[in-house]
Amino acid sequence: MQTMNFKAIPTPKGPEESSDPGFGAVVSTASGRRLLNPDGSFNVRRDGLPWSEVVSLYHAALVAGWPLFLAWVAIIYVGINVVFTAAFALAGAGAIVGPASQSVDGLIARAFFLSVETFATIGYGNLAPQGLLANWIMTVESFVGILAQALITGLVFARFARPTAAVTFSRRAVVAPFKNGRALMMRMANRRKNELIELTATLSFSYVEQVGGESVRRYRPLPLDRAKVTFFPLAWTIVHPITPESPLWGLSPEQLEARDAEFLLLLSGIDDGFAATVHARTSYKAAEVVWDHKFTNIFNPAGDDGVLSMDISRLDEVQEAR
Amino acid sequence: MQTMNFKAIPTPKGPEESSDPGFGAVVSTASGRRLLNPDGSFNVRRDGLPWSEVVSLYHAALVAGWPLFLAWVAIIYVGINVVFTAAFALAGAGAIVGPASQSVDGLIARAFFLSVETFATIGYGNLAPQGLLANWIMTVESFVGILAQALITGLVFARFARPTAAVTFSRRAVVAPFKNGRALMMRMANRRKNELIELTATLSFSYVEQVGGESVRRYRPLPLDRAKVTFFPLAWTIVHPITPESPLWGLSPEQLEARDAEFLLLLSGIDDGFAATVHARTSYKAAEVVWDHKFTNIFNPAGDDGVLSMDISRLDEVQEAR
Amino acid sequence: MQTMNFKAIPTPKGPEESSDPGFGAVVSTASGRRLLNPDGSFNVRRDGLPWSEVVSLYHAALVAGWPLFLAWVAIIYVGINVVFTAAFALAGAGAIVGPASQSVDGLIARAFFLSVETFATIGYGNLAPQGLLANWIMTVESFVGILAQALITGLVFARFARPTAAVTFSRRAVVAPFKNGRALMMRMANRRKNELIELTATLSFSYVEQVGGESVRRYRPLPLDRAKVTFFPLAWTIVHPITPESPLWGLSPEQLEARDAEFLLLLSGIDDGFAATVHARTSYKAAEVVWDHKFTNIFNPAGDDGVLSMDISRLDEVQEAR
Amino acid sequence: MQTMNFKAIPTPKGPEESSDPGFGAVVSTASGRRLLNPDGSFNVRRDGLPWSEVVSLYHAALVAGWPLFLAWVAIIYVGINVVFTAAFALAGAGAIVGPASQSVDGLIARAFFLSVETFATIGYGNLAPQGLLANWIMTVESFVGILAQALITGLVFARFARPTAAVTFSRRAVVAPFKNGRALMMRMANRRKNELIELTATLSFSYVEQVGGESVRRYRPLPLDRAKVTFFPLAWTIVHPITPESPLWGLSPEQLEARDAEFLLLLSGIDDGFAATVHARTSYKAAEVVWDHKFTNIFNPAGDDGVLSMDISRLDEVQEAR
């Protein structure tokens, strides 16, 4: 889409060592696309997989929000009952007996409520299966009900037990003044009381280089002023000083865009509640870096209670700073 | 609150290297407040979060004691039944039929017990829904019942499966004689038979310094005489020798208080029962350090059975020692 | 089976250091057998274990496919009901009462459906136990039902919670041109969206040596051009350059076969969804190495959407390359 | 019990460095007792804990064998039903109605079966509660039933999900010939198909020393010929060569006994099935070391199937070897 003249753009400085995190040097001709989506997922696609593997219902059930998850369970609940409603109804009018077989109008309604009472194992007896066929349908439905309850319980717990890093990354990065120079900075906040500890951050710089007529994607590590913290009670600002040794030294915002630059930020830490190592990641394209701005202080002046606090809703706020 | 003259207080000695565990240099004007609560939680607050994230019911359900947890479950159980009681009652007197519809006095009572029998999937049939509306209410309640059972089971297991370090820290630290000098010591005990192994302890010294008119919080590591043990069968005393290289060398109790000192103790180990790495932490403010005292021996003299034992109830006991 | 003359085959070069991964130097007289099966399981057998330990139903229930697992659960469901059907039937015709005791023909059928309604806790009441004996049978069956539901739910969740590395290894390895020389290469693909991160690969070369008339199995590490990647979004090609320092230097395909060579490939990484370290492994016998071929490129040319994609179904494709 | 003259027994050689795994130097006057029980649990006792913490029902339910666990669940099942049987019976003869209220003889029997049908949520309706009091009892019992089902399911899964190292240690250690000298050896076998990988072993030598009239327990590391294996398909023999640098050099069996020697063996590895790090440990007292014997080979000669196999039942077999 963009026309690039790589010869005119300086190659980033720094060690030759690669820090390709695994994407490889394959470059799409359509530049401007990102490797990592802002939510940390990979911007890739798998072809040639059987349909059953492409659609992982389990994974989808794990990562869906609660309203969506509950809606799914409700749909499955209704769906199973619809199937057995049909079965009981096809077994004929005489297959459902009991005191309520007169009071509930319509065979379908009676079959549906018998199915619900069977699937949920209520069994008031106001409706009951009659005859071999109806009783076999009941037997199958009770088995399906046991399995369904086990699956729902298993999924609910898997959702509970799945540790996730409740980290919010600032939507933009800044290049701000830092110790007589400048530094590339990102900010992140811990949204949960459930503590994250022993955090490590790594930052990579990905850009496109012209090698013998072909576009090749390169990766360089960007050393951090501080790459590890023991606690992460509120917020942490990631700082890469743009020193003469930095691969970013001397590069302008325009040159970064022309190189299709992307900054990959990886975070790993320990979720103290689950005793599990969790990971979070995001990326910043060149256009998401605000130059000559700094992050606004979001720590509140201490009140009378002396408790350190911050305002997470202002995580993205920046202000000019030259 | 306290008036401090930092100039008059010697700056702690030792390496310039920072060991800020992530709290940052922000200092509240109200000194005397702690960074870490004695139970290891951070003394911080998040503002600007949506209400739904501030109150994490899941996290609360995980960390609550069993009596409180069971009380909550009971309240939810009653609450759901109250909702469906109202629904059945609003469906009218003819919506509940069955042998018991005469014997239980009052529509509300009948609706409540029908709800209980439906939610818990008992369904004696002494009460049963009648008509389309009542049967739809039953259908919804049975679905809610399936979900509730799954949620309760999931929560109960999440509580079981959550590894926690059953470590009790002594409420006070001591400065006691140690190898021709003195050392800062804390003591901790393993309360559970469920073994903790491969423990590592780190101790940080946090204090306030005056830099250009501003109060800045500093952090220094305090090296331990022994920072790692393979087993933790009963108790472990953490020892930081106050050598001339120690940041504490030459500081008096009063100077520590004036510097708003806080000692941060972090412990990590492996819970052998859950095969998970667990963490525990606590902190000691200057006022919680007892000078010229040592911890009383809590190991019992070996009885006839030859089993090594200790009295955990005496973990906090100190005695004078100069 | 094969006659080997080890004296005539050069001993692999390289460091004397062993990298026996734990199989030991015991060599079966039947050569050509593999240490690791292609699916990563060990090609070994344990004798002398009690029967109860040899057949681990739990492990089998964990690793079985879903259709097989569900079939087992169905068989157990039917089996338990058959046992209690027999019990109710042996209790006599008068032990089962209720409105349906006339409508369902045959004692066995009535006993079976009563058992189903009891085990699944439906209890319509169209069939009910009568007398002490039948009620005791009901009591035992309801207890078994509670346990069975707990076991099924536990197993279903254990299957969900079990992290597995969804990695497909190419079925063949290649010896392909690499940087003015040649290299041994294997390829693997990540089948799941559920990300695998921080992967490490190790490659060992196992071969048989003649020592004092005895066949001894040796193990040598094969250094990789790149042994670690941070991300594994799509595919990764493992490369061992056959330099003069390589144990493979100067060995022909025939010599590798005569030495009963086997290449053991181990992969470990972190499953980001489960926050757990997972492992995968496979091995390649000498006959599974294709010489002077390279893997076909399976990355798709970028379409209009700019998303990086590959065709997993072509993972095994090789083409001649000298 | 034994009279020891420490002065007459040479102090073990080797580095001064301590490898006290956390037991401390406290020594019981009754020698001959062990620090680690053969099953790996610590031979210690905690006093001063509240009763509720001493008896950890959860931990007991986790580690109990299946027959014991099921027996407990059955006892609790019966116990809860007995409590509610009493409650229903105390509510009076008119509190239980239904078709079966005539056929089952005795109020207690009717109350018990009503309780079972309520707790297990069967509710045939052949027995049903009548009146407010009985219906409230039913309400409470159904709540208890929901909780009990959740607890049982949670416990069953916790038992399933608990990774354990299925390692059998040889009951005796040997001092066997090794490379022109001798070595202390222990053997262990992997009982499960469920693979254990990346195993690390550490061996400590614990003995008693007389220091200024007091008995002090010392700990020394014993370096292993091989301390790490990647795979553990069948068996592994731990080897500590008794070189002149070994703390065991020159010590006789009698001297080890007089020093109250104990060898602590720790094993850690990764359970591939659960993706969890598991630990196993055991100890050998001086009397459990067989001198001048070696372990019998338990690997079977390869049969026609070429599969490597061993006979675990012969793990403890030793034979004379000088």
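Every chain is named by a letter (A, B, C and D) in the order it is written, and numbering of its residues begins at 1.
By definition in this document, contacts are C-beta pairs under 8 Å (C-beta built on N, C-alpha and C of every residue); 3 or more make two chains touch, one makes a residue touch a chain.
Just so it is clear, the model here is predicted, and its values are computed rather than measured.
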item	value
Those chains which touch chain B and also touch chain A	C, D
Interface numbering overlap (same over half, different under half) for chain A and chain D	same
Pair in C-D, B-C or A-D that repeats A-B, with over half of contact pairs matching by residue number	C-D
Of all other chains, the one whose Cα centre sits farthest from chain C	B
Cα superposition angle of chain B on its copy chain D, in degrees to the nearest 5	90
Between A-C and B-C, the pair joined by more C-beta contacts	A-C
Centre-of-Cα separation between chain C and chain A, whole angstrom	28
Chain centre separation in whole Å, for chain C relative to chain B (CA means)	39
For chain A, residues that touch 2 or more chains besides their own	117, 121-125, 149, 153, 155, 157, 161, 274, 276
Touch-based graph of the chains, sorted into line, ring, star, complete or other	complete
Complex interface listing, chain C residues touching chain A	70, 73-74, 77, 81, 99-100, 103-105, 109, 112-113, 116-117, 119-126, 148-149, 152-153, 155-157, 159-161, 189-195, 197, 199, 229-234, 236, 270, 272-276, 299-300, 302, 304-314
List of chain C residues in touch with chain D within their complex	20-24, 26-33, 35, 41-49, 53, 56, 58-59, 62, 97-98, 117-118, 121-125, 127-132, 135, 138-139, 142-143, 145-147, 149-151, 153-155, 157-158, 161-163, 202, 266, 271, 274, 276-279
Sites on chain A touched by chain D in the complex	121-125, 153, 157
